[in-house]
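Note that the chains are named A, B, C and D in the order they appear, and that numbering of residues resets to 1 at the start of each chain.
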Amino acid sequence: MSWLSYLKALNKALDNALATDESVVVLGEDVGAGMSGVTLGLQAKFGPDRVVDTPLSEQAFTSLAVGAALSGLRPVIEFQIPSLLFLTFEQIANQAHKLHLMTGGQASVPVTYLVPGSGSRAGWAGQHSDQPHGLLAHVGIKTVVPATPTDAYGLLTSAIYDPDPVVVFAPAAALGVREDVTAPLEPVPLGSARIHRQGTDVTLVAVGQSVHAALAVAEEFAAEGVDVEVFDPRCVYPFDWVALERSLAKTGRLAVIDDANRYGGLAAEVLAVAAETAHLTAPPVRVTRPDGAVLPFALALDQAMQPDAEQLRRALRTVLK
Amino acid sequence: MSWLSYLKALNKALDNALATDESVVVLGEDVGAGMSGVTLGLQAKFGPDRVVDTPLSEQAFTSLAVGAALSGLRPVIEFQIPSLLFLTFEQIANQAHKLHLMTGGQASVPVTYLVPGSGSRAGWAGQHSDQPHGLLAHVGIKTVVPATPTDAYGLLTSAIYDPDPVVVFAPAAALGVREDVTAPLEPVPLGSARIHRQGTDVTLVAVGQSVHAALAVAEEFAAEGVDVEVFDPRCVYPFDWVALERSLAKTGRLAVIDDANRYGGLAAEVLAVAAETAHLTAPPVRVTRPDGAVLPFALALDQAMQPDAEQLRRALRTVLK
Amino acid sequence: NPAPVDLSTPAGRYRAIRLIRRFEEQALELVKSGVIVGGTHPYIGQEAVAVGVCAALRPQDQITSTHRGHGHVLAKGADPARMLAELAGRVGGLNRGRGGSMHAADLSLGVLGANGIVGAGAPIAAGAAWAAKRAGADRVVVTFFGDGALNQGVLLETWNLAAIWSLPVVFVCENNGYATTLPAASAVSDPGGSGSGVARAAGFGLPAEAVDGMDAEAVLAAATTAVERARGGGGPSYLECTTYRFEGHHTMERRMRLTYRTPEEIAAWRDRDPLERASALLVEGERETIDAEVERTLAAALEFALASPQPDPATAADFLYADGLIPRPGVMV
Amino acid sequence: NPAPVDLSTPAGRYRAIRLIRRFEEQALELVKSGVIVGGTHPYIGQEAVAVGVCAALRPQDQITSTHRGHGHVLAKGADPARMLAELAGRVGGLNRGRGGSMHAADLSLGVLGANGIVGAGAPIAAGAAWAAKRAGADRVVVTFFGDGALNQGVLLETWNLAAIWSLPVVFVCENNGYATTLPAASAVSDPGGSGSGVARAAGFGLPAEAVDGMDAEAVLAAATTAVERARGGGGPSYLECTTYRFEGHHTMERRMRLTYRTPEEIAAWRDRDPLERASALLVEGERETIDAEVERTLAAALEFALASPQPDPATAADFLYADGLIPRPGVMV
């Protein structure tokens, strides 16, 4: 038995991949110093050619990873800020994502984009607080948002070995989560959901740090005799629709909590699919950020823009009516 | 009475704005020559300082427009390719969109991004065929996709005078649409839907060129005695939810056709809202591109990736069951 | 109200350096005590750059700033009280508490905004310069950025636009030796020579010069040349100020054990403190008077900031759209 | 099968230029007749660049190409039949009909792909060069781009990465005088001097040179210097080839009445046709033999392309994911 933090789990996944596979390389700003914590100690262990400090040229090194991937490497890029995905959207969405189809299957691009510290960091304001998994999913890039240390380890590992580009979001609010790990750490297949808590009354979908909010509220409701199923897709895209269908067939009710903009995100897609295919007993609800959210600096405002437990309770009560 | 093409309508809107407001400037590649048709003749009329040819530095001139907007100008940027929005996503989503909130209301950014030729151009392949209005909407940028020449004129005009950044998509498949214009051309307020065809049996939501596909199929169904309401939000964001609610209250059935990726796009949002608020008689349906679509080059494949009339018929028949 | 800074004399410049220094030291304390949430990127050590450059500007001139922007904003004349209130997330802040350290702006003073994205201010500055030129105004725009920004594509694109359109913009690089932990010398090829920022800028056709960024008077002289070139229609320039940050990259760094800079290196640069350099131009007794006045100003600023209310959570989405569009909330039940 | 081109002799280079020229002329016809859908960016006039540069390469060397890429792909040895089948959108095409003119690739030959986005190939090439260097392989990577790309940030960022990491990559700029309608001379400041591509590249620390791009032998000589520098561990270079496109920017341009180039200018450049220049090195009678063989090759290519089936619409989403993930279709009823 040992306590593993989410951050350490990511570090272990990189460590293990670097140790077992020569083709794995890590690129990013200040990865040598391990500023974000994710790469701490890795440059000392594997050298500056495996854990590579880059200048501030995100666009160039993001596409450099594509060229390296075409030559058999498995680059992992660390981005210090989630909105650096905006800066490199061309390189990810228009190059890395499209190459396999456009070359008729000749080119595969096994690049992993790791974003430790997505979402609010409390006090980092508008340009450092995005949670843009919905953008990546809309474009069709494999996108994971682990909630727990074991999933962080398992999903990052699978991302690295996946033959396609994969974005791994590690929400700032989840980095401190710790877990008592008993079983050996294993890869977690992309596209497989995890039911954190079985329930029969309502399916509550959540990813990343929202899973923990969901579990806490589920316990409260359990005390009132309401049995909430906490459904963590883990992968925003591809989504485990089969598992969702199974859950909804059981509960007939749906709520989604997603710390992302409301319009057209993960929560919208889940509601849309449920509307198309499930016969729900009550209208489903979403708890999200507002449309077009920009997180203001002042802490009270920053928090007011994010979904919270009270909103979730209200939403669940509505859907359970 | 005169026949007005969609392309000419955009040209007229620019012409009129340049003529009536000194603060309007047009920037882009080959706008002087009018390569896309949208700016044809405007440089000759207004000079190279109002219709400005730029080098291929999209990121720089997109943010240059922000600085100009802060100084009282109303820049209109023409992008030759929809995926240039990916290249400039940082400048649009992280700078232009966020400045007003981040400065506490000091800075407003009246920039218009005009994308003539979005969606498939038949034979331009993977990097030239995106229809990414859903991305912009998720981020919260005002986004319009006009279907007709009068709306193209009216919405582009409103976009130019709007105090916020606005993206105007002019789908390649709509550029040739012509209309017999009788009334004077007027601005069309952002966020107001248009019912192209009243109907009582099903609400069919469509934007851009899909409106015309929707109208054609609606006529076919009318012949069979089915009354389809063709609902064009015109603005993907902000969406006219009030009008949609009214329409759904009447029809109780919903289909959406959207030439964009399936996961988390406009169609997903419309279904999600309907699931939350409307009491539909039958499960709604979407007709979209597949998840993560990249348009292959070969024409038959390019077309197979886009929603078509036959799919729409099938979808409508399902929802009408 | 008198202007918060007067940069027209050596004494005024000393005072501005002192004001920024003490403002930053106060901010460090307020980060520790939790009044400032999220931390800051301290400007301590680089004050001569902001002060020397802004001393070359007129009130209607404009600037864009960076993540390490407090010095620029104050040197351009922002009210320290409203600046501090901003850092503390109060409604009385420059940005009504919506921006914080990385987004401080005061458009009325030509401070077009700090920026959280490295290099992102440059094209905005060029746009303001473009607008000025079109309007026939003789405004000049300065964009500050760090050595890290030299490798951002958008900055390099902007150099060219500014050059071909002969825009009245001055590109001021504060080369403090590091981009976070990355030595500036390792981020360009042949740093002293053919791959330096100066050589690179010259390759885009910009008049380019390096100056001692620890000496406000030297910076002022070089900046004046560049600013007046721009004002006179001579187009853009590149000015690289060699400087050093005495503190960590971000206040957070204090909690980490980083080894990218040696104590000896830091000490050697501290020996070249721009504050001491500027104080040498003061007359007997002036320093004490100024320092005392600065303390009073900052005490008043702190009082103002702490007295200013926290924003109401119900107003979180205010200002999202300039036309007042109210976004749908995150929960609608 | 013999290699489709042999660039080791002047006659082989003449033949390759002729092959590209006639391939492109055939493509123009096929665009008109509708066999090629969507049009092409003709390479006619620039053939000496692709041929001269690729003549300096070994088979295992790699290239990235552009929207105007047919010449590069053929010069690197792609089968003209499969290339033409690609342009015609057939399953026998290099990319199985999925890429078309702007995305032609043949990874087995080191053709890492044309690209629809200006400048986007450069960092991909640098990545391949980085991988080669790490592997201790002596591969060299060439990235072709136009004068328009000189103002793309990502290209400029890539120059620096290549320089500081001493990557075996050669940056080949085909300066054909225009980016669509924009004169190259108006896109940089002081085009002949301090703001030229060569000056700019030198400012990033790259050995930089300009060469007559209408002369395959001159291009070969200059490219050999750069390629062997890279192969020998000497790092990246910049090579600017001055050239001209004889046709419009895109086949579409034929239907427009554009005036950005004068007939006189076009005629003057046509007088410097790289095909004629290359033919001067042939011996008596050789030209006719080669030309006839090229016609046979292209006739066979056309036959192959037209015989190759159109892809089945049911396979539209094939190859979207490398792991075989099947995306949800656009309609699920």
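Here is the rule we use: a residue touches a chain if its C-beta (ideal position, glycine included) is under 8 Å from a C-beta of that chain, and two chains touch if they have at least 3 such contacts.
Note that this is a predicted model, so its numbers are computed, not measured.
From chain A, which chain is the farthest off, judged by mean CA positions?
Looking at centroid distances, D is the chain farthest away.
Measuring centre to centre with CA averages, how many angstrom lie between chain A and chain B?
Going by mean C-alpha positions, chain A sits 30 Å from chain B.
Would you kindly tell me how far, in whole Å, the mean C-alpha position of chain C lies from that of chain B?
That gives a centre separation of 39 Å.
For chain C versus chain D, what separation do you get between their C-alpha means, in angstrom?
Taking the average C-alpha coordinate of chain C and of chain D, the gap between them is 44 Å.
Counting only residues that touch at least two other chains, what does the list for chain C look like?
95, 97-99, 103, 115, 117, 151-154, 157, 160, 164, 186-188, 320-321, 327-328, 332
Considering chain B alone, which of its residues make contact with at least two other chains?
In chain B, residues 55, 57, 59-60, 83, 87, 90, 94, 101-102, 125-127, 140, 238, 263, 276, 285-286, 291-294, 296-297 touch at least two other chains, as defined above.
Counting only chain pairs that touch, give me the topology of the graph as line, ring, star, complete or other.
Chain contacts: complete, every pair touches.
Can you check the complex and tell me which residues of chain A touch chain C?
Against chain C, the touching part of chain A is residues 29-30, 32-33, 35, 53, 55-57, 59-60, 81, 83, 87, 121-128, 262-263, 285-294, 296-307, 311, 314-315, 318-319.
In the complex of these two chains, what residues of chain D are touching chain A?
Contact set of chain D toward chain A: 64, 93-99, 103, 105-108, 112-113, 115, 117, 120, 122-132, 134-135, 141, 153-154, 157-158, 160-161, 164, 318-323, 325, 327-328, 332.
Going by the contact rule set out above, which residues of chain C touch chain D in the complex?
It is residues 151-157, 160, 163-164, 186-190, 194-195, 199-205 of chain C that touch chain D.
List the residues on chain B that touch chain A in their complex, please.
Result: residues 83, 86-87, 89-90, 93-94, 97-98, 101-102, 125-127, 132, 134-135, 137-141, 237-239, 261, 263-269, 271-272, 274-277, 279-280, 283-286, 291-294, 296-297 of chain B touch chain A.
Within their complex, state which residues of chain A touch chain D.
Per the stated touch rule, the residues are 25, 49, 54-55, 57, 59-73, 90-91, 94-95, 99-110, 140, 162-164, 191, 238, 241, 276.
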